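Following this line, the structures themselves.
Next come two complexes built around subunit A: one with subunit B, the other with subunit C.
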Partner chain A sequence: MKTPVLEIKNFHVDYGLGEEAVQAVRDVTLTLHRGEVLGLAGESGSGKSTLAYGVTRLLPPPGVISGGSVVYHPPSGDAYDVMTLTDAELRKFRWAETSIVFQGAMNSLNPVHKVSTQMLDVIKAHEPQLSPQARIARAQEMLKLVGISADRMDAYPHQLSGGMRQRVMIGMALVLEPQVVIMDEPTTALDVVMQRQILAQLVELRERLGFSVLFITHDLSLLVEFSDRIAIMYGGRIVEEARSADLYKDSLHPYSEGLLKSFPALRGERRELSGIPGSPPDLRGMPSGCSFHPRCPQAFDRCSSEIPLLEIPSARNDPNRSVACWLPGRTA
Partner chain B sequence: MTVTETEVVLEAEGLTKHFPVRRGLRDLLTREHKAVHAVDDVKLTLRRGRVTALVGESGSGKSTVARLLAQLYARTSGDIRLHGEPVTVRGGRKFRAYCRQVQMIFQDPFASLNPTHTVRYHLTRSLRIHGRAGDLEDNLRDLLVQVQLTPPERYLDKFPHELSGGQRQRVSIARALGADPEALLADEPVSMLDVSIRLGVLNLLRDLKERLNLAILYITHDIASARYFADETLVMYAGRMVEGGDSETVTQNPAHPYTRLLIESAPDPDRLGELSTPEDQAGGEPPSLIAPPTGCRFNPRCVHAMPKCTTDLPPRFELPIAGHWAACWLYEEGAAQ
Partner chain C sequence: MKFLLQRLTFYVFTAWAALTINFFIPRLIPGDPVTSLINKFQGQMSTDAINSLYVLFGLDKNASLWSQYVDYWGQVFRGDLGLSFTFFPTPVAEILRQSLPWTIALVGITTFASFMIGTSLGVLAGWRRGSIMDGLLPVTTFLSSIPYFWLGLLAITLLAGPDSFFPSSGGYEPGLVPSWNAEFIGSAVQHSLLPAVTILISSVSGWILTMRNMMVTVASEDYITVAHAKGLPERRVMVSYAARNALLPNVSGFALSLGFIVGGTLLVEIVFSYPGIGYNLFQAVGSKDYPLMQGVFLVITLSVLVANLLADVAYLLLDPRTRKEG
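Let's turn to the complex of A and B:
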């Protein structure tokens, strides 16, 4: 039986206040289970990073969480809502329970401090009772896990390559053994060879440490291979959620289908591909109804007037998948 | 499939670029002049109506090749020939004459368009500079229609911030076409764009290639898109070309161990579940280009490395399929496969 570790319910994020607020995340409900990799795919502006920042309450102003809850289930003890934590509680919650790896590792490490200083700082802040030797041992062990030799501990970020810096970031995220790791495009700046190595290492670490990953990327082909379940975001909403294999073989939302057809294949027959016509919606003037309808090849009248809900599609009768689309068989 | 012979527009031979490294105080006492060996001995040919892809990871020198071909950098050595004529330009009138025929499209359409000017200004400048301002309004309209920004009136007076990424990249393609060039150098033209609109831009470039009979150099790190878009694919590693040939051949029967590594590492949705890593002895690290490895530059990472690989530089060896070659000692005549 899968147990949830992070439950996002009816989550809303706005940028700005009042009439002019831009609604970046709309009514997102998503559950991350223990030990799974949940992929969150979408184009730029679809709200995927905003969702990650919102969930961890890292959203800088003018971002405002305008509704919803994020329930965290610790391994022992009662579940609580992250949105109601006080500042002090939140400080304890971050790193120790949930950590986040940002897109540009180059920018997330402080260039004037050694890797060791930055790593020990994290441990010191959360486990002040540990002796300095124990902290160093812990940091070294973690770096070894992510494939960096202990003698690089005293290197400055500029002395490491991009891949190594990203490994350090992943190591830092895991050093307190959190339950949830949110990764916001952790490999986009890296080359494919390095990307694959880091992901393989992540899978291995997950098996050993048992954390769950919320993996955010625009590269759907990567997610299909790497994650257990995938949620696709478009215009601030989740439009489809399914197990990776189901989504790849049998996507139900026209946007997921278009996205999957936007990647040229490296193997198999060489097909003519078209991508998706039009351009991603402007959050300041979202289309009425389903936000994908102006680009959708199968849109009909209802799509432009009513917003489809994320429901279990009647045509598949599978509780593990849901889709927000008015096409026949897609609604409950 | 063989590479069909059409007219050669631009070719480079022995193209080399070394960037000098600033000498510190201590270096003043030595004779040694350090340099970053960004591009070494590159040979490529752009033909009319054909797309040549240059694939490589970041730092492999692929963008440097484009800038050398565009004469934006002065080369250290080697030849660039336009229609068979060797050319060297250092700005001024000769540079304009050159870039009338060879135009470049940059990676980032957010940075390559001036935010304070309209689409009309960008395109007018391109037409004026290249002496095509005769029927200005008609030409402007034609350019926008060519890049499928229709109706043109709607886009002419927009500022870059009013356009989406894909539209901006189309404007920069239109600006390049304003010179009526024969060769386009596209440096990662779609990597900054949203996934769903990348193919639209690639299909547009392909369409332009066919209609205007352009020679296109397509620089990318995504070998799958090279297979989709390009006729011929060249693979670069650490400043050197390691493999080349027809795109289908290179991607389906990669010969060089680096190309194989690259293809095995590319995300492949058909390979569900098991996340395997291909063999790579250096953990994904490309070598330093200040002191590149002797012999084959891939030898520290190569699982097939032989003693010879560390000492001798492999030349191009022809492979059984016509037009396919690899710079690897594994393919030396009589070498054990």
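Let's turn to the complex of A and C:
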């Protein structure tokens, strides 16, 4: 039975306040289950990174969480809403329960501190009772797991290659054995070979350590291979959510379809590449109704007037998937 | 280590060049120090005395420029900088030895204090952007735009006076003999308060502004977000992640300002008639005292060089990226 570990409910994020506010994430409801890899895909500006920052309350100003809750279920004990934690509780929650691997692999490490300093300070902050030797042993063990030899502990970030730095970041993200790891385009800055190596390692580590991953990327082909479920985001909303295989073979939202047709699949039969016409919507002036309708090849009257809600598609009686689209057989 | 040796070679070369220029400049200036000394004694000197004065100043007309140059270097290494005219016949080295500690104590301590205070305030102002600390900014901009001498004169006019606690000039009570006793030190501190405070006021704002700006720049770096995401205590993120990195440009600025401690104090010491090296220079210029000027310039040049070397070393220690070998 799947148990949830992180439940994002009706989550809203605005940039700015009042009339001028831009709604970057709107009414997102998403559940991450224990031990799964949930992929979150979408174009630039679809709000996927904002969602990640919002969930961990790391949004830089003027980002404001304007509504919703993020319920975290610890392995033992009662579930709690991350949004209501005090500053001190939030600090304890961060990294120990939910860690993040950021987009900028190159700049995520402080250039003036050794790798060891940056790994040990997080262990020290969360587990002060651990002896210094135990901390070092823990950090070394974790680096070994991600394929970095222990003697690299004393290296400075500029002495490591991009791939090594990202491995260090992943090792650092796992060092407290969190339940949830949010990965925000962790491999965008790396070449394809390094990308695969790191992801393969990640999948292996997940099996060993049992954490859940929220994997954010614009590279849908990558998600199809590595994730258990995929959620597609467009204009700040989730438009479709399904198991990877289902989404790949039988996508229901025209946008998902467009995304899938935008790049060659890594495996499977050949198919025509087409891309999506037009450009992502301007968040300051979202189209009425379904925000995808100006670019949608199958749009009809209803699409420009009413916003479709994310529901189990009427044509597929499958509780594991949902879609927000007015086309027949989808949202009722 | 190799890097350090390279820098060292560079500084030795620069020092050589500076000293050589220092040698030539007085010889290129129309008229010579001896003539002005003779004028001072108004013809009461014999020809022999005049000739020996030329030899004494290393300006022997019979010696070639090259042998003068060699002699000059010999003198520099012996610490012999010639005799001062103003305080004839006190050697320049002796005058500098007396005035240097005053300058270093007053300006050295205030520069250090100003750097520490300014940097700490800048860290806070940059970190708590949008809080009351921002109110500090217009004030500091205003203070940094006040010309120093005006601030000094204002301080003297308003605070110093015959009945005031703050003396308006000098380094210590005129009746006292310089020594390490409580009375003299107390008097020296009392005399240094007003110049110190005015230096502090006019220089601290520069540190605040640069440090704040660097903090704001660094605060948007990815590793700061990561540090927050790691759940580190706020203080640790501010000090060890943000301020530590923002400090780098300020440290080299600080090292450079150490070099200008000696040279940059002219106005302070003139306004407060403080017995430091800047005041020496002022007196030397007033009475065409070439050897003293040369000596002061030498000290200024060397201190700037040493400060630069310190800046290099400090940077090497603080920023691992500048170290070439692992």
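The rule we apply is simple: the second predicted complex is superposed on the first by the 323 of 332 C-alpha atoms of A that agree within 3 Å, B and C clash if a C-alpha of one lies under 4 Å from a C-alpha of the other, contacts with A are read in each partner's own complex, and residues count from 1 in each chain.
Simple rule for what comes next: a contact is a pair of C-beta atoms (placed from the backbone, for glycine too) under 8 Å apart; a residue touches a chain by one contact, two chains touch by 3 or more.
In this text the structure is predicted, and so the values were computed from the model without any measurement.
Chemist: Contact-wise, after the overlay, does A:99 reach subunit B, subunit C, both or neither (first, second, both, neither)?
Modeler: second
Chemist: Give one of first, second, both or neither to describe whether A:121 is in contact with subunit B, with subunit C, with both, or with none.
Modeler: A:121 sits against subunit C, while subunit B stays out of touch.
Chemist: A:60 in the overlay: touching subunit B, subunit C, both, or neither? Say first, second, both or neither.
Modeler: In the superposition, A:60 touches subunit C alone.
Chemist: After lining up the shared chain so the two structures overlap, which partner does A:91 touch, if you call subunit B first and subunit C second: first, second, both or neither?
Modeler: A:91: touches subunit C, not subunit B.
Chemist: Looking at subunit A, does subunit C or subunit B touch more of its residues?
Modeler: B
Chemist: A:113 contacts which: subunit B (first), subunit C (second), both, neither?
Modeler: A:113 contacts subunit C only, not subunit B.
Chemist: Quick check on the superposed pair: does A:197 touch subunit B, subunit C, both, or neither? Answer first, second, both or neither.
Modeler: A:197 contacts subunit B only, not subunit C.
Chemist: Return first, second, both or neither, reflecting whether A:40 touches subunit B, subunit C, both chains, or no partner chain.
Modeler: Neither partner.
Chemist: By the touch definition above, which subunit A residues appear in both interfaces, subunit B in one complex and subunit C in the other?
Modeler: Dual-contact residues (subunit A): none.
Chemist: Which residues of subunit A touch subunit C in their complex?
Modeler: Spelled out, the residues of subunit A in touch with subunit C are 56, 58, 60, 90-96, 99-100, 102-104, 107-114, 121-122, 125-126, 155-156, 158-159, 169, 172.
Chemist: Which stretch or stretches of subunit C touch subunit A in the complex?
Modeler: 220-223, 225-233, 236, 240-241, 244-245, 248, 318-321, 326
Chemist: Given the complex with subunit A, which residues does subunit B contribute to the contact?
Modeler: 57-58, 164-167, 194-200, 203, 221, 223-225, 227-229, 248, 251-252, 261-263, 265-273, 275-278, 280, 283-286
Chemist: Which part of subunit A faces subunit B closely enough to touch in the complex?
Modeler: Spelled out, the residues of subunit A in touch with subunit B are 43-44, 147, 161, 163, 191-197, 199-200, 203, 218-222, 224-226, 244-245, 248, 258-260, 262-268, 270, 273-277, 279-280.
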